[in-house]
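Two complexes, one shared chain (chain A), two partners (chain B, chain C).
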Partner chain A sequence: MSDYTQMWSDLGLDLKGHDALLSILGGAYRDIFHSQKDRPEGMKYFDFVMSEVHGLRIKELMDAKAQGRKVIGSYCVFVPEELILAVEGVSVGLCAGAEFNFEAAETVLPRNLCPLIKSAFGFKQGRVCPYVEASDVVVGENTCDGKKKAYEVLAPMVKDLYVIDLPQMKSDAGKDLLRAEYRKFMKKLEDVSGRKITVAGLKSAIETTNAKRSAVKRLADLRKSDPAPISGLDALLVNQIFFYDDPVRFTVSVNALCDELEGRVRDGKGAFPKKTTRVLMSGCPMAVPNWKVPMIVETSGAVIVGEESCVGERGTQWLTEIKGDAVEELLEAITDRYFKIDCAVFTPNPSRLDHVKEMYKKYRARGVIHYSLQFCSPYTVESGPVEADLETSGIPVLRLETDYSQEDAGQIKTRVEAFLERIEAR
Partner chain B sequence: MRAAGIDIGSRTVKLAVIDGGELALSRKALTLYDPFETARGLVDGVEYDVVTATGYGRHLVKDFLGCPAISEIKAFALGARAILPRCRVILDIGGQDTKAISLAETGELNKFEMNDKCAAGTGRFLEVMAAALGYTLDEFSAAALSAGRVEKINNMCTVFAESEVISLTARGAARHEVALGIHKAVASRSVALLMRVSPPQEVFFAGGAALNECMRELIGREFGAPVFVPADPQLVGAFGAALHAAKAGLGHVRDKVSGLRGGA
Partner chain C sequence: MSDYTQMWSDLGLDLKGHDALLSILGGAYRDIFHSQKDRPEGMKYFDFVMSEVHGLRIKELMDAKAQGRKVIGSYCVFVPEELILAVEGVSVGLCAGAEFNFEAAETVLPRNLCPLIKSAFGFKQGRVCPYVEASDVVVGENTCDGKKKAYEVLAPMVKDLYVIDLPQMKSDAGKDLLRAEYRKFMKKLEDVSGRKITVAGLKSAIETTNAKRSAVKRLADLRKSDPAPISGLDALLVNQIFFYDDPVRFTVSVNALCDELEGRVRDGKGAFPKKTTRVLMSGCPMAVPNWKVPMIVETSGAVIVGEESCVGERGTQWLTEIKGDAVEELLEAITDRYFKIDCAVFTPNPSRLDHVKEMYKKYRARGVIHYSLQFCSPYTVESGPVEADLETSGIPVLRLETDYSQEDAGQIKTRVEAFLERIEAR
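So, the complex of A and B:
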């Protein structure tokens, strides 16, 4: 690994805090990922990306910036990557998955707030996330109340905060709002980048993004097999890296991994033995390095075969249709695509439930673990009706509500084990 | 064959040994700061052929003994069904967890709910509150039962509730009425968990809090169903684990048991 100290220092990172973060992250990664048995060879690429997530990848961002490209950071799958790529921007997900520096976050935010938001502030205030420091624009979005209001607090802390408004209902008016917001965002991107979005540029951006989504869809599809050719942790990691990596290289690497997994499926090889209990995760996103619950599940004798989550199929299952020969028509296709995302901020949100059932069947899961981040009103409230409906349909559900701390790991393990005992006895 | 079950809870470690399906021996000890040592002391000199571990410390002794470990939920389900074969709903208020469990007619685990990660509404909460009011646990229940009216407790967080209790007594609230308020708060929370797993029907009440008469009465009243309390409600998990060991049969061999006695 090269010495990136100068680069980090130039970005204004707090080197001491950043070193501490990397050392914790590295240790956790080794304990959780390298201790797994029968990992695919293709995961080596993703191990490398993780080892260089604050190094080489940041260097690439800095090189892109030196060539006049803009880095656009965001926290949500409603921010359209196609538009960012169409102005030759670099789209990156920002750090929000670890309990880091919550003391500082709690000086400007209430304690009883979702850990994802607190984490974003902890990273920003501690100056340890090179992505946010390298971002020319940080894009917020009006999803839940927590994030919406937190962006007001974040605005003075970052160079340029831009907020996209979002509808809350899947109505015609809701779609009009989304389209108008994306049109405004397009203009914003053109202004910051000094580049005009063209039909050819946008088509190519859609192709790049679709290819990336198709690759992870292919990966998801391979997980239908028993034995599962890849662990849930490794598949989650790929879905997490989706937000950070160069899209073209990422696509190639995921497809290479899938080639290998196809071979495994043919040979009947898996990351876990055949007949290992299969569970589906559904709920809040798990941003890097939030691996707590998947690790508990997969060290309790089960394998995770799918993620109904923003870091998972909710974020990747739909492609953008390339239709029309005008930017406005392509924008319509982009709006169509993003309007399908069944985030719990929408009311009502029936397609999410349909999708959970569909995934349960498709991946031959035996139970669903509903994962909510503490104080996340949309998902914790929705978890009640989701659980009731699934149980009525004969699908066993375990509802978990947790944060980024490790203190409840023992209790979660007890629940997970009891849930597995329950579904294995069926 | 003598089968043992060891339940390493957050507050107490329980050991049950069964012989031919009958309870042959039981022991309890406070968990304190070293659950492993406590467990080791508890099995010292006890004869058994097979053993299963349960409770939050189950993995701690599992690795050492090479014995199976089952969740408390499964252990309670097994234990409760053996004691009361018609049992369909179980409430366990233990040291740090409260669990509501519903069983299928055939005894399989149907659904369970547990309290969130803090000690709110658990046995530990009752202990802390009794101490804050200067009662022993027996006095605490008796005082609550004697109260004609109730002081409502709003906070379920152990820390906040303690200061709420202090401010109530400082305002001159009657101690026994505050005691009833605390019992009611725990009962309501437990019944909310019960309602999530089952409509009202006879509930098998286990765990240390089942020793508390006021809790038994309030649970029955608020859930609107009869409450069954076994002879030793704290032992249900260990008993269930012993039943599991007996069923698993040769899952564990005798010589490893001496390892537990010998010292690590």
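So, the complex of A and C:
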């Protein structure tokens, strides 16, 4: 690994805190990922990406900036990467997956707030996230109350915060609002980049984004097999890196991994033995390095075969149709695509439940673990009706509500083991 | 008090639970309100209303229903009473101010949820709120995440749940959405009542609602005097009864109270001695019988002189302009009026801060107590920047976050006393 100290220092990082973070992150990664058996060779690329997540990838961002490209950071799958790529921007997800510097976050935010939001602030206030420091624009979005209001607090801490308004219902008026907001976001991107969005540029950006999504959809599809050719942890990692990596290189690497996994499926080879208990995860997004629950599940005798999550199929299952010969028509297609995302911030949100059931069947799962981040009202409230409906449909559900600490790991393990016993006894 | 047992039974109330509730409520009311010294005579009317809150008032609702009028229950100041009155409906706020039957509520809702929402469910599930049982339509609204998602859970429990969508930003698109939603709500009310909204009917409804708001604005204005002619508890009670009572009788009674208070102001007579420390409350709504914090404040040597709250000036400070000669023009005026409400669900929400400062000055307060319900992200997140801005402007702030239990009463009293010492020492 090269010495990136100068780059980090130039970005204004707190080098001591950042070193400590990288050391903890590296140790956790080794313990959780390298200890897995029968990993596909293709995961080596993603191991490398993770080892260079604050190094080489940041250098690439800095090189892009030196070439006049803009880095656009965001925290949500409602921010359309197509539009960012259409102005030759670099789209990056921002750090929000670890309990780091919560003491500082809690000086400006309430304690009783979602850990993902507190994490974003902890990283920013501790100056240890090179992505946010490298971002020319940080894009917020009015999804949940916590994020919506926290962006007001974040605004003075970053160079340029831009907030996308979102509807709360899947009505015609809601779609009109989303389309108008994406049109405004296009204008913002054009202004900040000095580049005009063209039909050709936008089509190409949609193709790039669709290819990336198609690759992870291909990966998801391979997990139908028993034995599962890849662990849930590794598949989650790919879905997490989806938000950080260069999209073209990422797509090539995921497809190479899929080629290998197809061979595994043919050969009946898996990351876990055949007939290992299969579970589906559903709920809140798991940002890097939020691996706690998947690690517990997969060290308790089960394999995760799908993620109904923003970091998973909720974020990637829909492609953007390339239709029309005007930017406005392509914008309509983009609006169509994003308006399908069935995040729990919408009311009502019936397609999410349908999707969980489809995935349960498609991936031959035997139970669903509903994962909520603590204090996330959209998902914690929705989890009640979701559990009731699934159980009525004969699908066993374990509802977990947790944060980013390790304090409840033992308790979660006990509950997961009991749940696995329950579904294995059926 | 008459025997309402048959009426309650007909409404499907759980008589045993309801008796227990009324007994606790009556005891709390006596302890908190009747123990106050130097109460205005005009409060006798409101004492009577409270003593008959589940009795005579419910009988009036039942009589109105027997005459073919509809009872429309709601939980939010974004539900326009003007429109309800325009179809000769009866608008009532629904019970959500007490920790009752939370065990049941927590079987369908997460524990980490705002007490106001859990209270609404506790009352409904325990069948002790005659208002919700008498409601022909229960109107929800997409304000905060908790309520938005909880209405999905409430829908199958009530006869007819109707949800008004709300914008999250004060943009042109946001206003378009609100107007369209109010137009739909008009249609809903016309359908359910079988009455057409006419220009004359709507103008009359606006006049009735404006008169009611003008009366409480007059009451608020009288609290500028030192000594304050009325306690904060009594003024809060009037603002709470605002949501339940017959609007015309309420207006007459508030104006009679104000006539008396004008005499008190002339005579230099107050509910507390002159120079009693004056504080302003700001934050979440306090529904009946949520009197905990005001009671603590006013038994600790201070007087509350204003409420920047939905149950207070945020809900009542704006009148609806009566302009135009078409229903659509009046609807525009109604939209204008409601779009001003500076609830923390909006982002950004700068006018709220301006209003707190104006009230602080107008009512000659010496400190602001910021009141948040636990887990209410809109207000708990907004409270940080509000406190920082007020303190920078030289306005002392005490931030409280609490629920409906009495467990923290001692701790709150200690903090309130320390805060009063701080502001008295300035």
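One rule holds in what follows: the second predicted complex is superposed on the first by the 426 of 426 C-alpha atoms of A that agree within 3 Å, B and C clash if a C-alpha of one lies under 4 Å from a C-alpha of the other, contacts with A are read in each partner's own complex, and residues count from 1 in each chain.
One rule holds in what follows: a residue touches a chain if its C-beta (ideal position, glycine included) is under 8 Å from a C-beta of that chain, and two chains touch if they have at least 3 such contacts.
Everything numeric here is computed off the predicted structure, so don't read it as measured data.
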Message = For A:Thr347 in the superposed arrangement: first (chain B), second (chain C), both or neither?
response = second
Ask   = When the two structures are overlaid on chain A, which partner does A:Gly55 contact: first (chain B), second (chain C), both, or neither?
value = neither
Ask   = Between chain B (first) and chain C (second), which does A:Glu401 come into contact with in this model arrangement: first, second, both, or neither?
value = both
Query = Is A:Gln411 touching the first partner chain B, the second partner chain C, both, or neither of them?
reply = first
Message = Under the stated touch criterion, which partner chain does A:Cys144 make contact with: chain B (first), chain C (second), both, or neither?
response = second
Ask   = Between chain B (first) and chain C (second), which, if any, makes contact with A:Glu421: first, second, both or neither?
value = first
Residues of chain A contacting chain B in one complex and chain C in the other = 401
Note = In the complex, the residues of chain A that touch chain B are 391, 401-402, 407-408, 410-411, 413-415, 417-418, 421-422, 425-426
Remark   = chain A partner, complex, touching residues on chain C are 108-110, 112-113, 142, 144-146, 148-153, 163, 165-169, 171, 173-174, 176-177, 180-181, 344-345, 347-349, 372, 374-375, 377-378, 380-385, 401
Remark   = Seen from chain B, its contact residues with chain A in the complex are 56, 59, 70-74, 96-97, 108-112, 114, 116-117
